[in-house]
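My questions will all concern the structure given below.
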Amino acid sequence: MSETSRPGFMSDYMEGAHPAILQRLAETNMVQAAGYGLDAFSERARAKIRAACAAPGAEIHFLTGGTQTNMTVISAMLRPYQGVVAAETGHIALHEAGAIERGGHKVLALPAADGKLTVDAVAACLSAYADDENRDHMVMPGMVYVTHPTEYGTLYTQEELTAISDVCRAHGVPLFLDGARLAYALSCRANDVTLEDIARLTDAFYIGGTKCGALIGEAVVFPTPGTVPHFFSIVKQCGALLAKGRLLGIQFDTLFTDGLYERCGAHAIAAADRIRAALREHGYRFAWETPTNQIFLALTPAERERLEQHVQIDFWEKISDETTVMRIATSWATRAEDVDRLIAAL
Amino acid sequence: MSETSRPGFMSDYMEGAHPAILQRLAETNMVQAAGYGLDAFSERARAKIRAACAAPGAEIHFLTGGTQTNMTVISAMLRPYQGVVAAETGHIALHEAGAIERGGHKVLALPAADGKLTVDAVAACLSAYADDENRDHMVMPGMVYVTHPTEYGTLYTQEELTAISDVCRAHGVPLFLDGARLAYALSCRANDVTLEDIARLTDAFYIGGTKCGALIGEAVVFPTPGTVPHFFSIVKQCGALLAKGRLLGIQFDTLFTDGLYERCGAHAIAAADRIRAALREHGYRFAWETPTNQIFLALTPAERERLEQHVQIDFWEKISDETTVMRIATSWATRAEDVDRLIAAL
Amino acid sequence: MSETSRPGFMSDYMEGAHPAILQRLAETNMVQAAGYGLDAFSERARAKIRAACAAPGAEIHFLTGGTQTNMTVISAMLRPYQGVVAAETGHIALHEAGAIERGGHKVLALPAADGKLTVDAVAACLSAYADDENRDHMVMPGMVYVTHPTEYGTLYTQEELTAISDVCRAHGVPLFLDGARLAYALSCRANDVTLEDIARLTDAFYIGGTKCGALIGEAVVFPTPGTVPHFFSIVKQCGALLAKGRLLGIQFDTLFTDGLYERCGAHAIAAADRIRAALREHGYRFAWETPTNQIFLALTPAERERLEQHVQIDFWEKISDETTVMRIATSWATRAEDVDRLIAAL
Amino acid sequence: MSETSRPGFMSDYMEGAHPAILQRLAETNMVQAAGYGLDAFSERARAKIRAACAAPGAEIHFLTGGTQTNMTVISAMLRPYQGVVAAETGHIALHEAGAIERGGHKVLALPAADGKLTVDAVAACLSAYADDENRDHMVMPGMVYVTHPTEYGTLYTQEELTAISDVCRAHGVPLFLDGARLAYALSCRANDVTLEDIARLTDAFYIGGTKCGALIGEAVVFPTPGTVPHFFSIVKQCGALLAKGRLLGIQFDTLFTDGLYERCGAHAIAAADRIRAALREHGYRFAWETPTNQIFLALTPAERERLEQHVQIDFWEKISDETTVMRIATSWATRAEDVDRLIAAL
């Protein structure tokens, strides 16, 4: 059921939460719990995430949304004179309304390939700073930021992520991975980057909840304890600390019980794979290839009109009068009958 | 049921949400809705709040917590060289970990009486700035901030709030009211400040949800449209915009249906009144008088020990070896049997 | 005389100040004057600048350096959610160590042609924002920044500057001109942009002193009074207010007496023209053409070595193993014998 | 000579610079020097200051004014969630237009005694934070700031400064001393705090030039090398780096040659002592006692009028209809005949 009558493939945050989460919220509703993430639910969620990451000493904090998490982690880890390296198509570079700059930091945007930073671009950027005679007049790259999956629905390979991590470590620059849609990577056949890999290769990352089955919530993981002293105060100062931290703890506890997080992802990927196969069969052009829950089509005006008569899809960008890129997104909530309807419309 | 066996009167954010909210979240869970607060639930909530405030043109935005709301509204309404006037005991002055300063603004703290700014102190502060020959070297007071109820559980009278509002308007300085616990004022016999009054007397205020029956959520109201251009972008930049804005819209829609918000408040006040009466009867000393859901006791070590054997209450401050101020807080969730147990312990 | 024995063409800020300035500082040294730019010297300087700009109502403030001036003016004129559009080669984009971002603002860098923003790029940027459905999640362009002369020694034509100004005004976006080296434009035959034009076409600009004959100092001009209320306090808050504002007032008073500012520029341009002619005659390659006091050469290793044996010139960038761009800068202080020596070395 | 005919005792920054400085600027004017403080003059000045402080490894940077120096050093040494402890009468607390807050930091103002922080107040503040259960919701004191002489013309004793330093070190909190008027302390009989003491007892301090004989300039000293990595970039980012750093280097080189800095101070103290003696003799009331170049009088309207007929003095504050505090300031530039005239007016 949609606010309009056409099923929506606009994004992966159009419904509420996985029913198991609502049920758990109801069951625990009248339990009194400590505030600010110090409750037992949050502790249980942390323990399960540590286990899933094979990072027994990891420090874990729960925040409410992606932009908030990015701005909090990035300003916590940078010194004031440092900036963060990102793909020019990265969320922090384009779609966070200047949240990183509000914290005083420049986004050092590099050209991207299908949403991904290349190891060569990262290495060149870090070396160029190190080698520049005028570097003391410039913004020092103090962190590298990647998204996995990217905003373009693409994935880093383990080899690529390892190479970027190696370059970062060689320069003493921390690597931060934005996993707003991480469930859709983890459940994807094409993905060879596990949670353990991420915990091993990065200095900070977050496991997205909002787009992956939760009402809201992102779990920040610092694999190495002590990475950011006083992070609790920083979260508070950034307006990112919930009095009812239980709301986040209960959700992540549920998502990391019995593999729910991966199941949420797998549901979306299965739907996306069905749609991709049908699109290919009907000769639709992909703007670029993706293995995850987001599909990007290069549509003619006629194709777009036909599709939009039956389903809601997302405008991405207009390339020419003849071609518009449109996005189809599935999620943990996508219904089989809506996928059928979309396929029938092709 | 508590995480410990003793019933907790530690605060008003120890449980989840009013059951009507959970039920509504469940009912609407699979409805697809637009993101970022542009959904129909949020629109309905806005309409109901406008009606409750008798402010038909009011602009309303939903945020997730008190510190976040304060930092967002304050930095949106101040120019960079301005500061915000607050009671030295105000939340923004003490317990927001520097969130206001992170936005670049000084909190101009004034002495408070039982948590309240006095009109005289406000008038003196604004006049002193206006009259100071060196004012251009000083932080200009650009906003006045009050809480209602205050952090000390006290209330402004309509007369007091009107006087402060008049001073502010005479100086062209906006007045902002933090209503994190507003339900507990509105439902309180001693209160003569209505939502309509607040909308009339202030330039911005927020209606607290987190401490008043919601899982999370605060509703920012600008009674006059156009008060802060581009507030949506400011919210985004502050990391305060939820992708699933529906979570807030559904909750406020429910709270403002059939008087639930006031009923949440009334429940807490009734419990607090019972406790107050019993305390008075048993000769306990109040640190200061309050008519709302927070009770502040000046306890001897023996009294404190006796109470804490049976219930959990909140440490506020140590005045001397002989006297400690402890807080008892009730809420929409307080159970009659827990109040009984507390009273029995006296 | 140089700290080394080779004459230096490294930059235009290697000497002290034009002797007329030192003399005037000595003459006025024991006169008592009000602090913070409220002195009579500063007032006289303001009057002369207003006259030179044909902007009788202009508000004028004196600051000490270019980065400071850029950060102060830009953060004074932008709202927190806005960014500043600049050439990707602009000083604020590259060489201010993140000063703009420290004030909370993104530099929206556009591709540049020989250091210049094109009107097409500016128009496209402003329109793209206005047309983007997601613009509320993005940084709003709130100002356009140009340098004249640019960091590449090039000049805007009056036609180009008018076109950019027109686009800005059509979008309601102020235009700010960084004139750190303005004297070297004003005295240049190729230049058709007068001070009056700049005052007419921009919303704020500064007249550079540090690189144009003063010890230090930049004169910020707001042609329209009331452009930035409380700019004095903003300057103070940015740490940019001198107690001894007289130091700046006296210098600009001197620079704007009897055409000294233009004479400083003309001296440098005459020297640069002599050098350019000799270079051309000897077949040197220019990296790009410039009519101002900065000359950019594309040198082979042998050419570079030969030149550097006799004079000091500035490394700009390495293009290939075969070609390095080197800069020669003249100034108000360039001595004829040093120019002779440079030319002899060719 | 004054802009008005009455000699001015308004402040210590009413004239230009000590003639020896102007002379040295003239002598070196056409020497070419490297920019940004990397010149040989600055290096010589640093060497002399290191010697004067008996701190051979000290790192020294030259900035242009007091507010700028405070904001740069404080934001360089604090982490974002930290604030700076200061007397409520301290310059950073009152008269810097929010420069510290613009950098994101709260000024934690403590009650002061005649402009001085007491060791008890500092110890209580640092302990209170350490002991507060809610400290993670509060601003952490991350630095202690003192002025010497204070804004009230008073001095810390070596014993007091040592005690404050000890408390700071016990809490791991750096101590920063603002020496805007340091010359007037060093040359004062009552002072027992030497430059060596300051270098030993603090983690950062600055030696004021602007008010002590220079045109402009403050020398920041970090006694321990490596205290603030990348301070050069921080200075640049704060808009505090002069292209012509030579201007500051030459001045401090001159001030620290042949004891000029102390002589500037001694001149002012001698004048102030003459005035103090005369005032005492004539029965004037001191608002509070000071041994430095600033004298604070509690004047009746008649006394004030009489004095102001003959000399210009500075309004400080109005205590009652009967009493106004006025300030008399002497400086390195105070002329004997003006002192005579002031004394005659008594």
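Here the chain labels run A, B, C and D in written order, and each chain numbers its own residues starting at 1.
To be clear about the criterion, a residue touches a chain if its C-beta (ideal position, glycine included) is under 8 Å from a C-beta of that chain, and two chains touch if they have at least 3 such contacts.
This is a predicted model, so every value here is computed, not measured.
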item	value
Graph separation of chain A and chain C (steps between touching chains)	1
Comparison of C-D and A-D by number of C-beta pairs in contact, larger one	C-D
Inter-centroid spacing, chain D versus chain C (mean Cα positions, whole Å)	33
CA centroid of chain A to CA centroid of chain D, Å	50
Multi-partner residues of chain D (each touching 2 or more other chains)	80-81, 96-98, 102, 104, 136-137, 233-234, 236-237
Touch list for chain C against partner chain B, complex	75-76, 79-81, 104, 136-137, 140, 230, 232-234, 236-237
Contact set on chain D toward chain C in their complex	1-3, 7-8, 10-11, 13-17, 19, 22, 25-26, 28-35, 39-40, 64-72, 96-99, 102-103, 210-211, 215-216, 233-234, 236-244, 246-247, 333
Residues on chain D engaged by chain B in the complex (per definition of touch)	80-83, 94-98, 101-102, 104-107, 133-134, 136-139, 315
